[in-house]
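Chains: A, B and C, in written order; residue numbering restarts at 1 for each.
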Amino acid sequence: MQRTAILGAIGLLAVAAVSSCTTPARHSPQSLNLFAWSEYVPWSVIDGFTRETGIAVNYETYASNEEMLAKLISGAQRYDLIQPSEYTAEALIKERRLMPIDWSKVPNIRNVGAQYQHLRHDPDQQYTVPWMVGSVGIVVNTAKVADDIKGYADVFREPHKGRIVVINDPREIVSWALATIGKDPNDVTPETLAQIEPLLRRWLPLVKVYDSDSPKTALLNGDVDLGIVWSGEAALLYRENPRFRYILPAEGAHQFIDSLAIPANAANPDAAMAFMNYILRPEVSRLISAEFPYTNPNLEARKLLSAAELANPASYPPGDPRLVTFGDIGPSAVQIDKLVTDLKAAS
Amino acid sequence: MRTTATAFAAPVGPSRPPTPTAWLLIAPLVLWVAVFVVAPTLIMLVYSVSTRGTLGGVVFGFTLENYAALLDRTYLYIIVRSIGFAAITTAICLLAAYPAAYRIGRAAERWRHRLLMLVMIPFWTSFLIRTYAWVTILKNEGPLNGLLVHYGLIGEPLELLYTSGAVVLGLVYTFLPFMILPIYASVEKLDPALVEAALDLGAAPLRAFWKVIVPLTAPGIRAGVLLVFIPALGIYAVNDILGGGRVDMIGNIIENQFKGTARNWPFGSALAVVLILAFALAFWLTSAQEAAEHRGAEEPAVTVP
Amino acid sequence: MPGRGAVVKQINRLLTLWTGLVLGFFYLPLAVLIGFSFNRSRLNIVWEGFTLDWYAAIWRDPVLVDALVNSLIVAVVTTALSVVLGTGGAWILYRYRFPGARVLQTLAFTPMIIPEVIIGVSLLILFVTVHLELGYATIIISHVTFCFPFAMIAVQARLAGLDPALEESALDLGATPARAFRDVLVPFLAPAIIAGALMSFTLSLDELIVTYFTASASTRTLPLEIFGRIKKGLDPTLNAISTVFIVSTVGLVLAGELLRRRSR
């Protein structure tokens, strides 16, 4: 047993020595600290950037905006690029945590559609470069569900009891209820929360699975028949089997915009802006679309997409849907969390 | 040989005050605990009385509102439910682990280590993949239901997944090795002659087991209970996946404050502080009681400083 | 006593059967994991056909291999430190009586109860305050902090049954306390030390949340990598690399046994 351990340890050290040669470079003048969603930046894009500019990229990842904020505000690392969702970007801008972008260094911003710029989270389009756009909508396994689902109210009906999956995001859940009673999803006050409580009290016991990480699992497994999920998940489901249709709810849906932004204390803002300009090139942006079938805000890149990609209704929903971005709601987030926790425990 | 030795109290052998060299040994432990346990706990304590920052984090101050917020029916219900799950898991683990640990501990020497490795190897794969494997096994269209339906035991697939039962299954699966190992370590040192003697003295095997073997392996049992129950209280991932996100536990509530919508670090810290205090109190009291028993058994007339 | 012997034998057989069942229980998800590593479907949810592509994919994925190596390095060092701290701690609390011993013990066990996200955040703040850069050191420190209580508890349980005469006689025969410790006590404690080491290794290898907070971009571990890929779908490359790891571990152990047998 002892000898095995020693052999094993030596073997490990050898492997470690070899592998450390491939470990990315530490932060130096010619390196970029990228802090982004896991699996949201293709390695082909990163490698391409490094090859062209010689700037090494240290890619650190997170799985939620709040995780990103936790590490960002701790000050443990100085990041050059982060990838906040729109309501997080709004909060960061309010708190003066982002560096304004020198657009002369990022001229490719003109490739981004006008409808994705100057939105409420960054009205002067000063701090963010849109990365990917998506929505939160209804996905239906048409092989199992015959009814015509048009909105949230159609999803949360008794016949679907125990056959529904939703993302485990209290803010989202509350926004669906608010939209159903005709309110703006950003209108979160104790009064509006009290107004939607009876509705949620009816809805939540019908849910079988809450899953923000991989809601497609339950759908593919056949444990649930319909749900409310991210459009990217729906697009992956559609690619897997076209019987999974994506529908944007008639009451209104959340359109999220993930953007690249530069923290105010970035060490390498020039490298950051170079990266921003790089990914805005149509041929680079289409690489991102190929791996992550969200809605690409880069209209020039869309011209390079295949017909199949553009036909995916989850990536590029047809029609003229009612889409709303989320704003920063501050301390009301606590009440949302409490409401959903209460109702989940009661159901 | 002591038969009532415990694992809660520091087993007090012929203990004496430390020699100077002994202090050199004690120092690293004290240092480690002071820096990496005490300091972070104090940080958390400070956070628990602060207010929520806009981006997460805290705004320093002093308020007890976070502790007050805990006195809520929902949170109390969740705490009780967590304790319940942890207790059931520990009980099942104990019953399931003991026979196996006993068998492994009494196996031929060359087999013991192999068996231990066999026990641990599945847990060197990613927890996520393992748990999703259970999702695959338990799902409606999965092999378990498939087998049951095929052999006519049930007509329709059972809803096994996304239930409390699935959560308990996942918890038992996760913690069973941590019950087996300490019990094994206790069983392994059992003198075979002692076991023989117990059986020879005319006791039915069950009585021999209960009256002789179990008390001798009590330290291992108590260690196992500790190593399962305590971490099980803080569980969040197993129940999240196998319970369909419907079975929130203490761990989930705390996690949500840091990684979810609420961005309420002070509240999460407060709940954690309560959890730690409850544990520390329980631990302290039980070890005080056991230590007193010890000193009573060893040196009846000595006063304790 | 033929009757008694038969009963004992039957009990033994039942116990062996039970142990087999428990092991079967442990390996059930592993079977699924290994099976799916040959699954043609990328989404790893339904079986679609046999392929070895994912094993090939491992070599094209330096990030994943790097993460696995990092995890192993961290786990091995964590285990070593945890065993030392745990065994040493258990021994100190056993042998010596000093003020604050019980406080020390309670504090040492506290990380078992502290939720991982709290350990992660508070240690992160600590490291930032003392300007300790995130990397291997910080990950290992955080892992050791909640792993060594497991080792300590295992060794303490074993010490509870220690016959004091054992050490006394060694000392009587002229051994120094250090030698008595090494030659008498460590062998006695070996099963508990091994148990503690196995638990520490397992805990460290699969640690996710604390590692998120205390790792840097260049020190990603396997659980971080795997969790990151879950949104796209846990593709079978992850199953493949897990299978490779298991097979290599078993291979190493078998190799070690062969060596030991040959050296006899």
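FYI, a residue touches a chain if its C-beta (ideal position, glycine included) is under 8 Å from a C-beta of that chain, and two chains touch if they have at least 3 such contacts.
Being a predicted model, the structure only gives us computed values, none of them experimental.
The minimum number of touch steps linking chain A to chain C comes to 1.
Ranked by distance of CA centroids from chain C, the top chain is A.
Chain centres here are Cα means. That of chain A falls 35 Å from that of chain B.
Work out the mean CA point of chain B and of chain C, and you get 15 Å between them. Multi-chain contact residues of chain B (touching two or more other chains) are listed as 113, 132, 136, 258-259.
For chain C, the set of residues that touch two or more other chains comprises 45, 121, 125, 194, 227, 230, 234, 253, 257. The set of chain A residues touching two or more other chains comprises 1, 63, 67, 70, 74, 217, 221. On the side of chain C, the complex with chain A involves touching residues 43, 45-46, 62-63, 65-66, 69, 72-73, 76, 121, 124-125, 127-128, 134, 194, 212-213, 216-218, 220, 224, 227-234, 252-253, 255-257, 259-260, 263.
For chain B in complex with chain C, the touching residues are 1-2, 5-7, 10-18, 22, 25-26, 28-30, 32-33, 35-41, 43-44, 96-97, 99-100, 102-104, 112-134, 136-137, 173, 176-178, 180-182, 184-186, 188-189, 199-200, 205, 216, 219-220, 222-223, 226-227, 230-231, 233-234, 236-237, 250-251, 254-255, 258-259, 265, 268-269, 272, 275-276, 279-280, 283-284, 287-288, 291, 305. Chain A makes touch with chain B in their complex at residues 1, 63-64, 66-67, 69-70, 72-74, 91-92, 94-95, 97, 162, 168-171, 207-211, 217-218, 221-223, 330-331, 333-334, 336-338, 341-342, 344-347.
By the touch criterion given at the top, residues 1, 4, 7-8, 11-12, 14-16, 18-19, 22-23, 25-30, 32-33, 36, 44-45, 85, 88-99, 101-102, 104-119, 121-123, 125-126, 141-142, 144-145, 150, 153-154, 156-164, 168, 188, 191-192, 194-196, 198-199, 201-202, 205-206, 208-209, 222-223, 226-227, 230, 234, 238-239, 242, 245-246, 249-250, 253, 257 of chain C touch chain B in their complex. The touching residues of chain A, counted against chain C in their complex, run 1, 3-5, 7-9, 11-12, 15-16, 19, 22-24, 26, 33-34, 37-39, 43, 58-63, 67, 70-71, 74-77, 213-214, 216-217, 220-221, 232-233, 236, 240, 291-292.
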